[in-house]
Amino acid sequence: MSQNLDEFQAFREKLNEKILDAGNLEIKRFFALDRKVYSEGALSAKTKELLGLTASFVLRCDDCIAYHLIQAKKENVSDAELYETMSIALVVGGSIIIPHLRRAVDFWEEISDKSNL
Amino acid sequence: MSQNLDEFQAFREKLNEKILDAGNLEIKRFFALDRKVYSEGALSAKTKELLGLTASFVLRCDDCIAYHLIQAKKENVSDAELYETMSIALVVGGSIIIPHLRRAVDFWEEISDKSNL
Amino acid sequence: MSQNLDEFQAFREKLNEKILDAGNLEIKRFFALDRKVYSEGALSAKTKELLGLTASFVLRCDDCIAYHLIQAKKENVSDAELYETMSIALVVGGSIIIPHLRRAVDFWEEISDKSNL
Amino acid sequence: MSQNLDEFQAFREKLNEKILDAGNLEIKRFFALDRKVYSEGALSAKTKELLGLTASFVLRCDDCIAYHLIQAKKENVSDAELYETMSIALVVGGSIIIPHLRRAVDFWEEISDKSNL
Amino acid sequence: MSQNLDEFQAFREKLNEKILDAGNLEIKRFFALDRKVYSEGALSAKTKELLGLTASFVLRCDDCIAYHLIQAKKENVSDAELYETMSIALVVGGSIIIPHLRRAVDFWEEISDKSNL
Amino acid sequence: MSQNLDEFQAFREKLNEKILDAGNLEIKRFFALDRKVYSEGALSAKTKELLGLTASFVLRCDDCIAYHLIQAKKENVSDAELYETMSIALVVGGSIIIPHLRRAVDFWEEISDKSNL
């Protein structure tokens, strides 16, 4: 958000690589954990992405929201499911969530037009 | 948490009633919205409770966690599903979530022994 | 902030419309509540805008700050009143509020030159 | 809250004294600033207490809420003014504010019965 | 805090054990990481405890503060060093940190009298 | 971050000046305190910058991070020390810190090439 999809992903990948190459073992392990925790289990991968998305909304982290929106799109989350997730985030987190909803809806539209994420 | 189930529910009900009786219309409408947003829709009521629980964990609101744990128990959320939800909250929200995990697990055990919530 | 007044308002209006058109009833009700809560009552509309502004500062939401600054200007909040509001937000919320103070003062100056908000 | 008024004030005073006696100059200056910022100015002391109360609600600090409720009572804030302040805090901060509203209403009732705060 | 040292440690150990025994691998790995990250490295273990303590103060997690105060005591952090750490947390995080300073100073005094932590 | 070093410093200085010139005494005193709290004492200036940096990371304030990175560079903080500080912030604050790590590493590289900060 506040940048287009390609820029977002290019910066994200370049800097993640730099961080992982720097050799701090605890940060590396954290990054691995951050991927594993969303994989299919007792809860589906789709449900887990919605949990990650909700957490990202109420903690108001635009980059985290963008990342989980991309994953949600890959898991075939529908518009109605996205809006219900956002309605919970909004009620729990309050009106300070609204600017993040606006940017999320704008970004969701952008990635909905892409054939290839 | 930090109080048993009966005390938690008695205080909650008594004060909610006082707040609603005070006649502020906006607060009343917010309370109504706070119930409606978790009702069955494109997402199941169970998934919505897990979204509310995740939001409550990362925002570190013990009373909110207790409330959603009771609802999750009514929706037959399993131990494994609870732990996966908590693992996501922990990775997104960090180690400051851990004291809330401890109190949640303690409360979950307490309400698991109740035949009637 | 980080964008000029016209861009801010255009993006805000366009996306608010999209969100409201999407048909999620709870989000619609929340948006209605978010307007009503600032209307004249036992407290004046001006005082309520200052409460909303203080909340926006300590929660560090630049778009919310920009919105309430515009409303505060319409309610004839003086520079001295704005600075006293900011001093409370700063003491309660700490030095992490300072970057938001800088952007707020810059935006306040921008909207002070407008004859028509 | 979660403790009665007398305990709250006794612990608060005893520990504030210890902290100020420890001789850290910056902490001392911060405490002085924390008093001065609420004094009568372009905004009335009453309005400033409501700003401090709103900030305390949305940042979810029960002790801060208790302190500002005592000050608000001394400034003759009415029940309707308190509820309007809480309605703004609730809409801005979301449902995670509700447990704090409950404890605040309980505390407000307790201090309303005191002839001498 | 809000409980004495022995109760704090007994509850903490009992529930940590339950959480680790529940078999969620990601939570287990997070707990391991949470220990490792404070071990001696380019920065001393003492400095790392002060970093963890500062983070706990500004994020206002009393249990985390209590834990890091115990570790800080073991690393021979002096009263002056603790107060300087608290002064930074206070300036960065604002007056909402003050209730946590009070409880921390009370707890620090309690653990300072113990010959054996 | 999200702007280069020169722009960051120019905007920061210009607006700080405006804020200080506006004549609000409490804000002026807060700004003075915000400088003094990082000066050499029982803890070294370098350790204090790392405490300020950790607080800025977990509170997710990019401008604060940028400021403390510049100070850390002047205090000769090494790459390994920076990464260990970031690993603690990441474990305490969770994956929502990651976007700030990326921007911090990018900014650190930018200021590392400057002979004159």
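Structure notes:
First chain written, first letter: the chains are A, B, C, D, E and F, and each begins at residue 1.
Basically, contacts are C-beta pairs under 8 Å (C-beta built on N, C-alpha and C of every residue); 3 or more make two chains touch, one makes a residue touch a chain.
All values reported here derive from a predicted model rather than from experimental measurement.
Seen from the C-alpha centroid of chain D, the farthest chain centroid is that of A. Set side by side, C-F and E-F show the greater C-beta contact count at E-F. Spacing of chain A relative to chain B, judged by their CA centroids, is 23 angstrom.
Computed centre separation for the pair chain A/chain C is 27 angstrom, with centres defined by C-alpha atoms.
In this assembly, the C-alpha centroid of chain A lies 31 Å from the C-alpha centroid of chain E. Looking at chain B, residues 26, 30, 33-34, 37, 55-56, 58-59, 64, 80, 83-84, 87, 90-93, 95-96 sit in touch with two or more other chains. Within the complex formed with chain D, the chain B residues making contact are 11-12, 15-16, 18-19, 22-24, 26-27, 30-31, 34, 55-56, 59, 61-64. Looking at the complex, you find that chain A touches chain B at residues 33-34, 37-38, 41-43, 47-48, 50-52, 54-59, 64, 78, 80-81, 84-85, 87-89, 91-93.
Of all residues in chain B, those touching chain C in their complex are 26, 29-30, 33, 36-37.
Interface residues of chain F, counted against chain B in their complex, comprise 58, 90-97.
For chain C in complex with chain F, the touching residues are 60, 79-80, 83-84, 86-87, 90-91, 95-96, 98-99, 101-103, 105-106, 109.
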